[in-house]
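Single-structure report; data block below.
The letters A, B, C and D name the chains in turn, as written, and every chain counts its residues from 1.
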């Protein structure tokens, strides 16, 4: 583990010891941003944000593609049912399902503008299996111990209910490096 | 507090990610937005799946799923969600065991907001709701959307009444020897009895009920029973027997009045072995008085067999006015899995050319341009037909694995 | 309803009012046998018997047939997964599953000896769907209000757990009349 | 008492039945007998299904199901049952919500008698067990059958220890940055860490644990990570990386010792794009030191793709000794549904002639005439091969709908 990781981990641990889980997640973002100039991480964002703030993740030039399709560019590390087939969209949970505060990430190539983007995959939870548009792609996917890139884990572990419904693929930002496979 | 002590691993991992992948963040964070179901449309249908244990709400015009409501894990089939449009709520008759398949049992009505599909409340029932292959007539909303009735099987047949305004269970009405709930008013429901009659349960203002009347016997429960898949026609319910006779019972007055039965088949059709059959095998378009019946050719004992045709009757005139041929459901479902383009020329042709594997169930919307939804209980595809012409308009794809029931929203 | 039915029902009701469900079921058999010379009914038997008494239901001459097959003669009113495919047999529940005290009946023709038999179908309960050898045949099957012949009902309603696993088909005795369809 | 008031309807109905059907009772009543699982056999395998949410115990010699153990409804895949042969118990790491998919959550270990498969007890856990697509390494029985370990993911990575003799939860051991449970003794287990090491958790006599040691880093978690589907070889575990390098870690002494990695593929095979892949893609027959690996031809990122062949290695000599071609799983599964006789000539030929759709997972029995069980995670059929010759002996039919994992009983 690098020195910066270790420093973050110590700080996070200290914070976590003193606070409840939801509050902890909400403050995690601030800590990380302030402490080390890190970007707001997907783990923090889900919990910290107002639930209705508009998102920019569709503001990418070129053809958007079909988020119900497993070949959709954002799905390069997808595993699960695409929420766009379940009453949600590429980036929003279907009605009544809760987005997992923690998810996994991938780095996917958008053919529309030729750029790579970091994708935050989150599971939508609290309803049973959607059962539509199942998709499994594993570009850059890594085993459970490298969980930030693991799509096997049911990330509803971090939500109110472990019950898995479907998964969304949200654009977090542009990647300056492609994913490890390339 | 100890539990709270983390996401440490995640945070550390995310830190590592940033270094490994070189994320260049955009200025704005991505936002979790809440998806809502748009206000009512005329062509929406709930499709219940017994393997996924939920009901999915499809828009019949676009073929899109708008949302889903879970059923219990412990039953053989989820009961259809019941939508109180005026109150903006959806109800699901649920139950759960403390340890999944064992432990303490709790029966309850789950209350959902009909826009967000999130749980807004529940009513715990002291009774044990019944469960069956289709569970047709096992849960119903009475007129006026105040009372919800659930059917209990054991240790005796009864109906439980829930007051949805007060969100309380109000009473259990014993209906020994009878089964099913067929709403006929704000505080009245009918049930079918093993002695060949229909009984009426009446509730008082507080939701306490009693069996108030029985019709005269109008069917033989052994020789030619009527199926549970009756259809409502105003103050009347229409039930059809295994042998293809339609029985209309009018509940407008205190004692139900039974009209003379009429036959869905001519003598020639009978000798040609045409029969009714399926599961949710009848549908009614009230305004046009059209009765839709799934039919097949078979022998006695085939009353649950799927049928390749839908015969359409004028209820007022007691005569058949249309015959619709059904598509091939398995071709609709499976062909795309063999590389045949969904909705493409070959896909459509396969569904049309192959003799239909038959439908078990159908429902029809009640608007002026009605859609007929037709399914085979073992195939995850629902055919959408123009209910006036029988034209196969589209297919609701990837509509689950297995299940018999549907409900117009 | 016939007079004898009415008499039974009145007696059963009176008994039931005074006793718990299990005790009630155990005593029901005795009541029915004594009161009206009726055969021990399947409903009573399941609860009343010692769980290990040897059963005669295989003592039928001729080829026994294959209880994993939907065409098996005893399956003429079967609906569900055949327990013989789930670790049980034609007449016994798989390990760990509870036989429903109440079930439904059919009258099936045994081609091996040319006779008709009353079959008691019971559901095995407390474990989830077996998922093997699903079978649906409906000879003599009747709607829910005639529940003694209804195979749609999940008869695990009468067991400790409603959770359905599979179904058995037990020979109760010879039928002097074939089932209604014939 | 009121609840008790019945089976009235049933009794009445049965009375009616007697009259209608003319039952002539035999002298003896039919008896409910209890089925038990016969004592241990060498060729038994648990086949886990994520749709049916259970694990079925098959006899590999007869193809018969001996019994089933349910998993939770709330997880994406049930964890494999853990059989303590000496104690005569089977354990399942379970959880349930009070209202099915919501409400209060309870995590618990269900204890079954291994002959009757009935529940004989449970241990409630104060921790929340993790859940994943395969959940390989998420629950394990330590040597000696006293301690059971479950892996928790959130809010931090940890291992929960249950004392099966006392039937109590004893401790939670935090293993930040690591995942999985790989038993290496009566009170020792290993786990794989995101820094490329293996860590050792040691328990004291009371079942309280701590991380006692780390190996040197032996893999790169980003460039070439080892999969979770490791196999145990006495005091050692063998892990294979995405790029096909075998890493053997010996846990015999206090600090784990890592042997130099060796390649499963020659340079020629690598340039021919042969790779390891699948889910539970490795198996080991300890006595003969044979390592079985599912392989396919593909690119990076295909590490979960099914493979049409199993390559067999001599672990001591680090060389391949066999190549087994696999049958076509979908043909094995689906052909009987198209009227092709199960096990008949055409059925066997189809499975052999069609290029295999590939396997995700395999396990091997540990006896002298070992069987290799091979499955595709999306097909409900398991192929049974002679593990020495690769001959396809039979197929476990109707083996569920979907699922990746198996366990030798």
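Heads up, the rule we're going with is that a residue touches a chain if its C-beta (ideal position, glycine included) is under 8 Å from a C-beta of that chain, and two chains touch if they have at least 3 such contacts.
Worth saying up front: this structure is predicted, and the values here are computed from it rather than measured.
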Result of counting contacting C-beta pairs for A-D and C-D, higher pair
C-D
So the centre of each chain is just the mean of its C-alpha atoms; given that, what is the distance between chain A and chain C in Å?
52
Rounded to a whole Å, what is the gap between the Cα centroids of chain C and chain D?
36
Just give me the whole-number Å value for how far the CA centre of chain A lies from that of chain D.
29
On chain C, where are the residues touching two or more other chains?
1, 9, 16, 21, 102, 127-128, 146-147, 158, 180
So which bits of chain B are touching at least two other chains?
3-10, 12-13, 16, 20, 51, 70, 73-74, 97, 101-102, 119, 154-155, 176-177, 194, 222, 401
Can you name every chain pair that touches?
A-B, A-D, B-C, B-D, C-D
So in the complex, the part of chain A that touches chain B is made up of which residues?
1-2, 4-5, 8-9, 12-13, 16-17, 19-21, 24-25, 28, 32, 36, 38-43, 45-46, 49-57, 85-89, 91-96, 99, 101-102, 105, 107, 118, 120, 127-133, 146-149, 158, 165, 170-177, 179-180
Using the touch definition from the top, list the residues of chain B that touch chain C in their complex.
74-76, 95, 97, 101-102, 105, 128, 130-134, 137, 153-155, 176-180, 191-195, 221-223, 225-228, 299-304
Chain B-touching residues of chain C, taken from the complex the two chains share:
1, 9, 16, 21, 79, 102, 126-128, 136-147, 150-154, 156-158, 160-164, 180-181
Complex contact set, residues of chain D against chain C:
1, 3-37, 49, 51-54, 56-57, 65-70, 73, 112, 115-119, 398, 400-401
Quick one: which bits of chain D touch chain B in the complex? Just the residue numbers, please.
3-10, 12-13, 16, 20, 51, 70, 72-74, 94, 96-103, 106, 108, 110, 119, 122, 154-157, 176-177, 194, 222, 401
